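Paired with subunit B in one complex and with subunit C in the other, subunit A is shared by the two complexes that follow.
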Partner chain A sequence: MNFAWFVLPFSLGLFLLFILVIFKISFWVRQLPLRDRLLLNRGIFSFKIFKVIKEVIMESLLHRRIFKINPVLGFMHMSFAFGWFMLILVGNMESRLYAGTELNLPYYAIFFKYFVHQPLTIPFAEGFTFIMDFFLVLVLSGLLIALSKRIYSRVVGMKRTTKLKPFDVFAMLSLWFIFPFRLLAESMAAGMYHTGGFLTQPLGNFFAGFLPLGPLSYAMWWAYSIALGVFFVSLPYSRYMHIPTEIVLIAFRHFGIRRTKEYDMFKDVEVFSCSRCGICIDKCQLNTMAQVNTIQSAYFIKSIRKKNQQEAVVQNCLVCGRCQEFCPVGIKTDDLRLSQRMIFENREIADFHYLPQDVPVKTDILYFAGCMTHLTPSIKKAMLNILNSSGISYRFMDEDGSICCGRPLMLSGNNKDALKLMQTNKDIIRSSEAHTLVTSCPICLRVFREDYNLNINVVHHTQFIESMIAEGKISLENSGAKISYHDPCELGRGLGIYDEPRNVLSQTGVLLKNSLERKSSLCCGGSIANNQNYNLNKDKISQQVVAHLSAKEPDMIATACPLCKKSLVKYADIRVADIAELVSEQMVSNKADASRAEKKFNVESVEA
Partner chain B sequence: MAKKVVVIGGGIAGMESSAYLAEMGYDVTLLEKEDCLGGHLRNWERLFPTMRLGQEVLDFLKLGVDTKVNVIRNANITKVNRIEKRFQVELDRGASFNADALLITTGYDTFDATKKEEYGYGIYDNVITSAELEKMFMEGKNIITPTGKVPKKIGIIHCVGSRDEKVGNVYCSKVCCVTAVKQAIELKEKLPEVEIYCFYMDLRMYGMHFEALYKEAQEKHAINFIRGRLSEASENMDQTVMIKVEDTLAGKPLKLSVDLLVLMVGFVPSKGTKEIGKMMGLEFGTNGFYKTKDQHTMTNVSNIQGVFFAGSCTAPKTITNTITDARAAATTVASYLESYDLEIRTKAFFQ
Partner chain C sequence: MVDFGYKIQADRQINLDITNKALANFVKKHENSFNTCIGCGTCTATCSTAKFTDFNFRRLQLFIRRGETANVKAEIAKCMLCGKCQLACPRGVNTRNVIMMIKKGLEAHV
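Our next item is the complex of A and B:
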């Protein structure tokens, strides 16, 4: 039997790792509600498992999404993960073929070159040696990038990389030492026994010229094994736990495990899946535009993992979704943030007994302006003008002032109070028997769609206007004005509504392209989700966003959210308008129709 | 030969400092971008706290610049060159003026009330600004609302575009509280039946005779002062304006319909102030007005040697303050031209 004492650190480390990871995973699974555990069991034995395997290969090994965002960083992650994986896989094939048995202990493949001194007698022997050296080179090249990233993060095109605590450095160093030791150990073995490939053999020959390879190589095998052992043991406690956890996360997603608003097991798995790649840090405008650099998702997630959440960090975030959009692991950072806010804020404080208990009037179409639209009356006025001149019959649900949609409270983490408001609104909407609810504010729209369970058509006014144009209810005249469009976070990244505003706008004027739009669009800074003392930072952000939107010298900035309008107008030298205002101005109105509609509206609202 | 001073901006500050500098014997050129002098003062009918006609003050100022000052109207400045210690100011029509010192008096603009959209300016017809009300007084016609009604109830809103982080202006504009009192009295004198409600955060009656004016407004004219900030305005069917305010003394929300809503718009740095500042590399303070070298001891001095400030381009000011500041600037410019080391004491104490 092949054995040497130096295999112990590796073997023990691997054993412990195995136990700890299994323990953690079973903890997650046991905490799942029964229904989700059943889903999990069913999922494992269904075709879905192939999807999981595919995604694990694409993401955990090849890191496709990081590649897309940042090729150099992608290469770094890929070379470590894929290179090492291939070393293990090919190494095992090689050793098993050689030994002619399946039953080797794991260390045999790892320290194969120590145990086997003669040239291989297996098929494709040269190929194997080549491949093993090739992947070692791949891993080492990744290591080189990682090293330079730590010294100078711009190497990988990042302005800022994650900050490390001593234990992280320890785990990282143990990982980094594995491959140089392996290189040295294998090269020295090659120097003695001529078992090396294109990299290890020449290096081994070189060492043989002036070094006592016998004792030295033995020391290197020890060092290699210790580095591996240390890394394995520290893995569950370091960020490298993301490696096994991401597989669990991918499985959870494919098997349809449910997410709740609270901090649940799904979110715990997400927290442990964060690789601290740091991509989110540079995407965050609080960092790039306001020099707030302690709250970004990478740090925030780490604080959850360390059970050391600080209210100031949890609350200081725009919940703009930019980091989420770019997170290569697909962590729902916005939901995570809100779930943590609930820890601080979720309490029943408000008494809403004063809310009106109106008996609503029946209608097909309800228009809900929302409180922010009441604070931007030109949007409200424009919408009413559009609706009235289109001749459709509708009701203005919050004509006498809105009952809050509840989302501001939810964004602050106070879901309990939010639910009370939501119920009141829901009752009004339900009993109106409307089939369509039109809102002007994307913040309201989001909560109506995602949390009200209305089972009716809930649309933003840009969508409604687009359909009214399509149905010929209104028609527009193009003014030729150059327009720069600002995607509101809640409308764009939040609800994926990118095309409708653009389609409508390109009928009112000439829409300019902009380098940060759609998914990459900037947050206006005015987010109601940040309830830290935040005004100065807000202004810094709005100012820079206005500058960005004005870069191509448009005649005006258009947006589709009353809050965005308010934050941009503060610093814009040109006009800032909601799409509804532009539509209302560019409508080719049939005068007779318009006046008829006006009368009808008057009558209706008096009744209401 | 007399040393040359170019003064940019022919409002109160520019006129009064030019008059003083010319009297002292300097060769003064006053550049004004409009076709007449006076700046904002031309638009105010009566002035607080004396109720004197604005025109009288304007005539007084004009007398100062009539003979000795080289006044250039419609002056569109395109470039300011600095050649060693001298300056050369170029206009778009080719003319250029040399100067040993520059005095900037480019003033303020009133806050663009459409930026405070929830107050409905530019959206509802019967919402106007204090400057527009002043224009109505100036025209001397009967007071009617934009929709053609004699108002029975008028709301006056303080601090529009001032002391408001939401619009990015955190400072107090200093003249609008007392302007509100003045305008309320004037309205009451013209329309004795009208009810007037002023909504304020706190009343800043700091000037020598302001408090007396405020007392008169309450006691003689029964004008209502309610402490509370307007949250939003909306339009009723009959085009009156419904305002929602939290009465913070009574501690209850208040809804009121008025026939006319007057917004006391604050000061912001004028377009000319911003343009000239950018063109020359003058430093701006956090509030966007020019930054003076020291808030106590160097109030007229800029970051560029030989360039000075006067009037409301550095901060909101009343006419009294503007005139005082203009005269102070004239002495500061003269001291510089006579080679006094102006900064030596400030440097010794504060830098």
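Our next item is the complex of A and C:
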């Protein structure tokens, strides 16, 4: 029987870790609704499990997504996860081959070099020794990067890394100490018995020259075991809980566990999956442009985990989705944020009985301008001009003042009241029997698509204009003006509509490339989702976004959202226009009698 | 009593020293910009809700400041929180948060 007293910290730690993680996972599963539990059971015994295993290897071990975002950080995480996993795996293979049995206690493989001194007699013994040393070097190189990241985060290309509380530092140090202690313990063992690989042997021989290796190596084995034990015990209470939880998250995703608007078990698993890597911190414009550095997703998620949510933190967010786009774990940070707002704001108080009961007018195409478009009449005017001159029949749904789509209430966290508004609009849309709903506002578009369950074609006006051009209903003349395009958050990251606005714009002028566009585009700052320090932050952000968009000296800035237009126009020296305005101006059929059409429109609207 | 079709109007004098300003103070405390309101009424002019009803945010904020909170709950219930008033406000009042804080303050103070 191989035993030494120093295996106790490791073994106890591992045992506790095992119990705590099993307890936590069974809690999540038990809290799931019955339907989802059945999905989970079915998923485990289906081919989907192979997809889960594949993603666990690609993400939890190799960290493919972090590599794509930041290669240095990717290497750091990969070296820890994959290197350590391989050390455990190969170490177990080695020790089990040597002992000739599968039934070893876990500590035997970990402290194998203490129990076995003579050169190994198993097949490929030298290969095993080499592999073990190689992966130890891999982990140690990651450790070196981690250390430099803490000293100077720009080494890994991060302006800021996550601020840590004392317990986080404690857990992190226990992880960091594991590998140097392992290196020292194994090298000293190698030095004493003249074994070891390309790393441990020379180092062992070096130590043997001037150190009393016998007692010192024994102390190192103790230190190694204590570091492991401390890390295992602190893991469930620290951010390192993301290691087991991410596997659960990946399984939940593949098995199709439902997401709701509320804070449910799926979101709880997401919260525990956050490793606080800090990638979200640099992506947050409230941090980089407005010096607000307490609300970023890494901190916000931690506050949920500690059940210590501050209303000011929960509400102070643009919900622009930049952090979500770059989260290597794929946590839906926006949904998480809104679910927390519901805790503070989901009070049923509204009474919308005053809203007009709609007289159904049958139509094929409905146009919904939205509140913000009513506030920017030039967009509405342009859109009506396009619709009128293209000769299609449509109905202007909110001509006499708009009934809000409900998303502003949802963004504030009040879903109960939002549902009342949504029902009113839904009745109007349903009774019109339209097959297409066109909106000018991406905020409305998103809620129509995601929450209304309309089963009709819901499009943004840029998409509708593109299809009208394709069908030949309108044709454009290229003005040759240089245009810088600003992706609205709700339209781009929210709904993935990137190409249609660009296709339309490239027919009205020359579209300039921009270093931060599509997924990484900036938020204009005007998001109505931010309910705190609104004007203060908004102005700082808008100013810098305008500077970024004007960097290549365009003739104008184009956007596709009335709210973005309003925020940008405040600081722009050049023209800021919605795509609809540019299209309206550049329509060939319209160009000749533009002035006449405009006059006609004015008369009509006055009469109306 | 015989109803002659006349009645005595309720006293409209407001003694600002004794009115209940708890709600006003709650809103001011949690949304600073409420203090900068000049009561110009731009919010009411652009209001989506005011298109359909007599909802008047300018009047509402005045009532709250005076401590006349009896009708506030019924009035604030009409707001759709669309945010047009916020963009129109020449004084930069964060009107959406003011409304949210009124709703919250109603639970605690009225």
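Here is the rule we go by: the second predicted complex is superposed on the first by the 589 of 608 C-alpha atoms of A that agree within 3 Å, B and C clash if a C-alpha of one lies under 4 Å from a C-alpha of the other, contacts with A are read in each partner's own complex, and residues count from 1 in each chain.
Following the convention adopted for this analysis, a contact is a pair of C-beta atoms (placed from the backbone, for glycine too) under 8 Å apart; a residue touches a chain by one contact, two chains touch by 3 or more.
On a predicted model such as this, the values are computed, not experimentally measured, just so you know.
J.: After superposition on the shared chain, which partner residues are touched by A:249: those of subunit B (first), subunit C (second), both, or neither?
T.: So A:249 meets neither subunit B nor subunit C here.
J.: Could you tell me if A:347 is touching subunit B, subunit C, both of them or neither one (first, second, both, neither)?
T.: Only subunit C is touched by A:347; subunit B is not.
J.: Counting only touches as set out at the top, which of subunit B and subunit C does A:429 meet: first, second, both, neither?
T.: Neither partner.
J.: Quick check on the superposed pair: does A:257 touch subunit B, subunit C, both, or neither? Answer first, second, both or neither.
T.: neither
J.: According to the stated criteria, A:570 is in contact with first (subunit B), second (subunit C), both, or neither; which is it?
T.: first
J.: Between subunit B (first) and subunit C (second), which does A:223 come into contact with in this model arrangement: first, second, both, or neither?
T.: In the superposition, A:223 contacts neither subunit B nor subunit C.
J.: In the superposed model, does subunit B or subunit C contact more residues of subunit A?
T.: On the superposition, C touches more of the residues of subunit A.
J.: Go through the superposed model and pick first if A:375 touches only subunit B, second if only subunit C, both, or neither.
T.: both
J.: Which residues would you name on subunit A as touching subunit B in one complex and subunit C in the other?
T.: 374-375, 535, 566
J.: Tell me, which parts of subunit A touch subunit C in their complex?
T.: These residues of subunit A touch subunit C: 315, 345, 347, 349-352, 354-356, 371-372, 374-375, 400-404, 408-409, 412, 414, 417, 421, 526, 528, 531-532, 534-535, 563, 566.
J.: Considering only the defined contacts, which subunit C positions touch subunit A in the complex?
T.: 33, 46, 48-49, 51-53, 73-74, 76-84, 86-88, 92, 94, 96-97, 100, 103-104, 106-107
J.: Residue numbers of subunit A touching subunit B in their complex, please.
T.: Residues 374-378, 381, 535, 539, 565-566, 569-571, 602.
J.: Could you please specify the touching residues of subunit B with respect to subunit A in the complex?
T.: The contact residues of subunit B facing subunit A are 115, 117-118, 120, 122-124, 165-168, 232-235, 237.
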